[in-house]
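Two complexes are shown next, each including chain A; its partner changes from chain B in the first to chain C in the second.
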Partner chain A sequence: MTRPVAVIGTGQTKYVSRRDDKNVPEIVREAGLRALADAGLKPSDVDAVVIGSAPEIFEGVNYPEDWIAPALGMCPGPVMRVHTGGTVGAATGIAGFYHVASGAYDTVLAVAYQKLSDGVPQYGLSACYDPLWDRDFACGAPALVGLQSRQYLDRHAPAVTEEHGAMVAVKNRRNALLNPYAQIRREITVADVMSSPPVAEPLKLLDCCPTSDGAAAMVIASEQTARKKCPRPAWFSGVGTCSESPYVPHVDMAYPESCVRAAQQAYQMAWIYEPARELDVAEVYEAFSFQELIWCEALGLCRPGEGGKLIESGRSDLDGALPVNTSGGVLSSNPIGASAMIRQVEAAMQVMGRAGEHQVDGVHRALAHSWGGAIQFSTVTIFSDEI
Partner chain B sequence: MQRDIAIVAQAQVMTDSLDIPRERMLFDLVKGLFDKVGITRHDIDGFVLNSNDFEVGHTIANVFEDTPCGAYMKDETHVEADGMWAAQYTTMRLLSGNYDTALVVGNSSGASTFRPYLVMDYQLNPTYDRQLGILNELSTAALQARAYMAKYGAEEDDFNEIAARLLRNAALNPYAVRSKADATAGDVLASDYLYEPLRQLACYPFTDGACAMILASGKRAKELTDKPVWIKGMGNSVDTYYVGERDLATSKSARMAGERAYKLAGISNPAKQIDVAEVSAKFAYQEPIISEALGLFKEGSAGKVASKGLADLGGSMPVCPSGGGLGAYVFTANGLVRVAECVRQLKGEAGEAQVSGAKTALAHSQDGFCAQHNGVMVLSTEEG
Partner chain C sequence: MALKPPELTYMEGESRCDYNWTTGEVVGTFLAALRDHGKMLAGVCESCGQVAVPPTSYCESCGSEVSDLREVGPRGVVMSWARVADDFEGAPAEAPFRYVLVRPAGADTELLHVAPDDDGIRIGATVRPEFRPREQRGGAITDIRWFVPDGAESEGS
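Now for the complex of A and B:
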């Protein structure tokens, strides 16, 4: 294990479908300054900035870190940008962790953002596919995850049904009602989801995430600073990352091995043997409803094929034994580059006891998960209330 | 630094016209490096890749890079902009103690890109600078060259001398895509203006290519090579975004990046303690601005350095014995290539371009217009 590193402050912007009042650096600054205020620090206390954005083609600005970093109030200063597609927010948090764990820096500001209203996200995502083999058929993210969801449903029928996906959508939108930063805050029913228009079979409109503008930030610090500045820091106790093949036939999308391995790596580092019992809360990257069940299985939060049972039992509800996506999840807000960091932010807030109305009692260990690329990248981060 | 970290080995590939897929280029390069060191991809704990979506024309550029780089089902992440940031991040991961052996790979396809200068324009602020159509990669560089000339009374010929030296050095570098063994300032003067005062031979050539490097903790590095190259210090710093807000004749961010790296490496007099420097310059005029900010030469001394040959191969402070960015400039990977060139020097593998007795080397990297963002790594043959 490395030297102790903790999250000591978090910041988010209100996620909306379109921010007309601010440009990209201004939105990132808003989240960054909130995180610093939460940690009781000033921009001049920060030793380095790590910036994460999913495809910069979304906003059409290359090397956006050069545009954004000066707006964070620490210029000239050390900056680095990470870009791993959907997992980037989490990869940015992990990069912040390694900045401090290396001993090279003491206090780091990690920020991730996306302003999807500046471009056409599904065009950008389609250019992710192989130009020769896949791009002619590419149709953004819903088509791919539609295939994934169908594969999952077929494998476990009749134990998992389309209604189980709808139940995830209902639960997460209900949680979002308690989260002031969430974009979609509306109570819905299983019948609403089932009767909403089809997007990519079996995904219906209410099974899908929105597109959002927004940013998230975390202040990551050494033990010395954390003890001084934060009564209850969220310590990084495990991190895991794994990448597999970009070609759909190579990947078992209903039980992605990259997710299993990333979780193993993180659990091993955090000394977690029975994740379903030892974790108190989990934030998984469910851009589409069925994904919550798929990730819960791959992360070992329930057995393979028991995703339907998990959501039906109420175990993953806000008042259940292992609440999942207490923030309302990606289904309620999705500024793509920030979405994976929002999972870390929520997990850290739960450990710090700063999650407000969606706080779960007695959280000692929280998990944040993300996926990216062509369902090929996975990250897992575990936060703990003790070193 | 809390642990000794070394570079085990490097590999490069560069061309002005790639005739195989980028993925194949990466596979051949990385497999070749593994074979040279005598390991397989399973000996690597962590992979850090580096490329840029705009420059390779692919959303999430690393989607198709992982597998050819051996990162399939492995711990892999991706750093943007310059390859040196990836090398610095890799170093941090090793320093943390969570990794023992790591691979870093940077690549780009600048020569195969449709109008690379157009791609560069996407760095500009979308609402003001880009719409005006006045600023671009070359016009901002020309402004910076003029700013240096105005401030220090430098002449265009000083830059032509620098370009000629780099082209001569490039002739000694097997990886260079452009070189001229007998280049003179006159040759540079005879080439066309791309943008006054930038002569074509004083500007970087578009290059396809990649660079890979294996880094390891001290103990592991000694198992893998007889000649580990130790990482003694590193730093990076970004300057303000708008070129009008900066004093373009000097580089505050390069100075700060250098200061940080020197402090870690225990260097108080860089001009004396560093034996060879690889500066990341896209244009000949950038070399003096950056090397002066790094304390290798006195401020505004481009003319003197050129006339006395101080930066030449046999000079007191050889700069870019590889030919630097004028011999080959792989977007994004360029800073990593500078590190790799320092590794060749310190391992004594630089052939005719070898600086005799080189023990401490400096590698520099940059990105952004007029080198907005600068990074430095100090390397040494000596452990500890």
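Now for the complex of A and C:
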């Protein structure tokens, strides 16, 4: 086991489809300085920085970490960039955790960002595929998740239907109304979703996330610093990561093994035996509506095939027994490289009691999940209010 | 001097790059078989026996070496599909069309491809590849134009 490590401050930028006023390093700086302020620290208190973003092709700048690090105010100093597909934001938080848990550093700033408006997102997504076969199909995210969603719906029909996906979108957009950082803050109905234009059936427009510019940041610290600076730290109690075959067709997309394993690893570390009962909040990476149900099943928050029952029951609503995506989720804001960290930020904020209008009462343990790549990267991070 | 909002909020740029991706022996053989023989080859793992198409020289299931190739298909089963209604830049076919995951007969894995927008394309349906004319093939997965319904449903999936 590692030494205790906690998140003691978080920062985010307001997510929008296009930031006209700041360039990439400036946006990252905005989130980083907010996280430091939230932690009651200055840039000079930071021992090392970990930077995460999705592939360079999105903004068209190779090794952006050298462009960005100085904007965080602690250069010269240790800087590392990580990347793991769509899970990069969470991998960044987890790398920050490793930096401190190892004993090598005391206080680390982890930042993740994306400025999708600088480039052409769907091209970037298609270029992530193996050039030897998949790339010719330009099967960007909606088509890939269309295949995933179809497989899921077909496997569990009639217990799970397209309407259940619509209910997820409705719930998360409603939650976003209470999150001042969320990009899309507009209530929708199931009928709105069902009648929205098809994108990659069964996905319709309102089943899909937006593309966003934005950044998120976390200050991660040792127990000594956490106890000094933070009244209610969010302790890393469980961490799990897993990657399976990167070749898109070899994964059981409706119940990915990498997600099940990452969850098992995290639950084991956190001594959680019944996640559905022991967790108080879950943030899952639902870039598309059906994914929320798929992840809840693979994470053990409900049984396989019962995703429809879960969303219908109200259990995952903000005032339900296990609120899912209290932030409004990826369906409301999606700066790709930051999106997985935003799940961690929200989970940490819920434990720290800093989630403002979308704070759930009595949160002791919160889970943050992410997926990425060709549905083969998975991470699970669990925060707790006690070591 | 104090800043005021600039006029030049954007700089345009473009990045274009040519590549020659090395295929390796196994993939090179697979692509040549598509081009020259209109056949799909799968790799058979010498350790766990997984039959993977398209093949890699290492088993993605157990990590062992793979050098044995075997023909699979031509027919296969649809494992999933997604319908694209509108054209987009770089699309692999004219809309409306369907993406499909097809598991060729004899294989343990699926491959990603496209299909016409036909109701015969549904999970469990049998499909077969339609190859492009020989002179249009260049040794790529797109030497198969698409997978089309083959009539009778496969039994079980």
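One rule holds for everything that comes next: the second predicted complex is superposed on the first by the 387 of 387 C-alpha atoms of A that agree within 3 Å, B and C clash if a C-alpha of one lies under 4 Å from a C-alpha of the other, contacts with A are read in each partner's own complex, and residues count from 1 in each chain.
Convention: contacts are C-beta pairs under 8 Å (C-beta built on N, C-alpha and C of every residue); 3 or more make two chains touch, one makes a residue touch a chain.
All of these numbers come straight from a predicted model, not from anything done at the bench.
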item	value
Touched partner set for A:77, first chain B, second chain C, both or neither	first
Superposed model, chain A: greater residue contact from chain B or chain C	B
Partner chain(s) touched by A:357 [first = chain B, second = chain C, both, neither]	neither
Partner chain(s) touched by A:187 [first = chain B, second = chain C, both, neither]	neither
Which superposed partner A:245 touches (first chain B, second chain C, both, neither)	both
Touched partner set for A:154, first chain B, second chain C, both or neither	second
Chain B versus chain C as contact partner of A:60, first or second or both or neither	both
Common ground on chain A, meaning residues reached by chain C in one complex and by chain B in the other	60, 126, 131, 245
Sites on chain B touched by chain A in the complex	1-2, 47, 52-55, 57-64, 66-67, 71-81, 85, 88-89, 91-93, 95-98, 119-120, 122-123, 125-127, 234-241, 252-253, 256-257, 260, 367-368, 372-373
Contacting residues of chain A [partner chain C, same complex]	20-21, 60, 122-123, 126, 131-134, 136-139, 143, 146-151, 154, 197-203, 245, 247-250, 253
Touching residues (chain side chain C, partner chain A) in the complex	5, 9, 13, 15, 19, 21, 23, 27, 31, 52, 54, 56, 60-61, 79-86, 88-92, 99, 101, 109-114, 123, 140-142
Chain B contact footprint on chain A (complex, rising order)	1-3, 23, 54-57, 59-63, 65-67, 69-70, 75-85, 91, 94-95, 98-99, 101-104, 118, 124-128, 130-131, 240-246, 257-258, 261, 265, 269, 372-374, 376-377
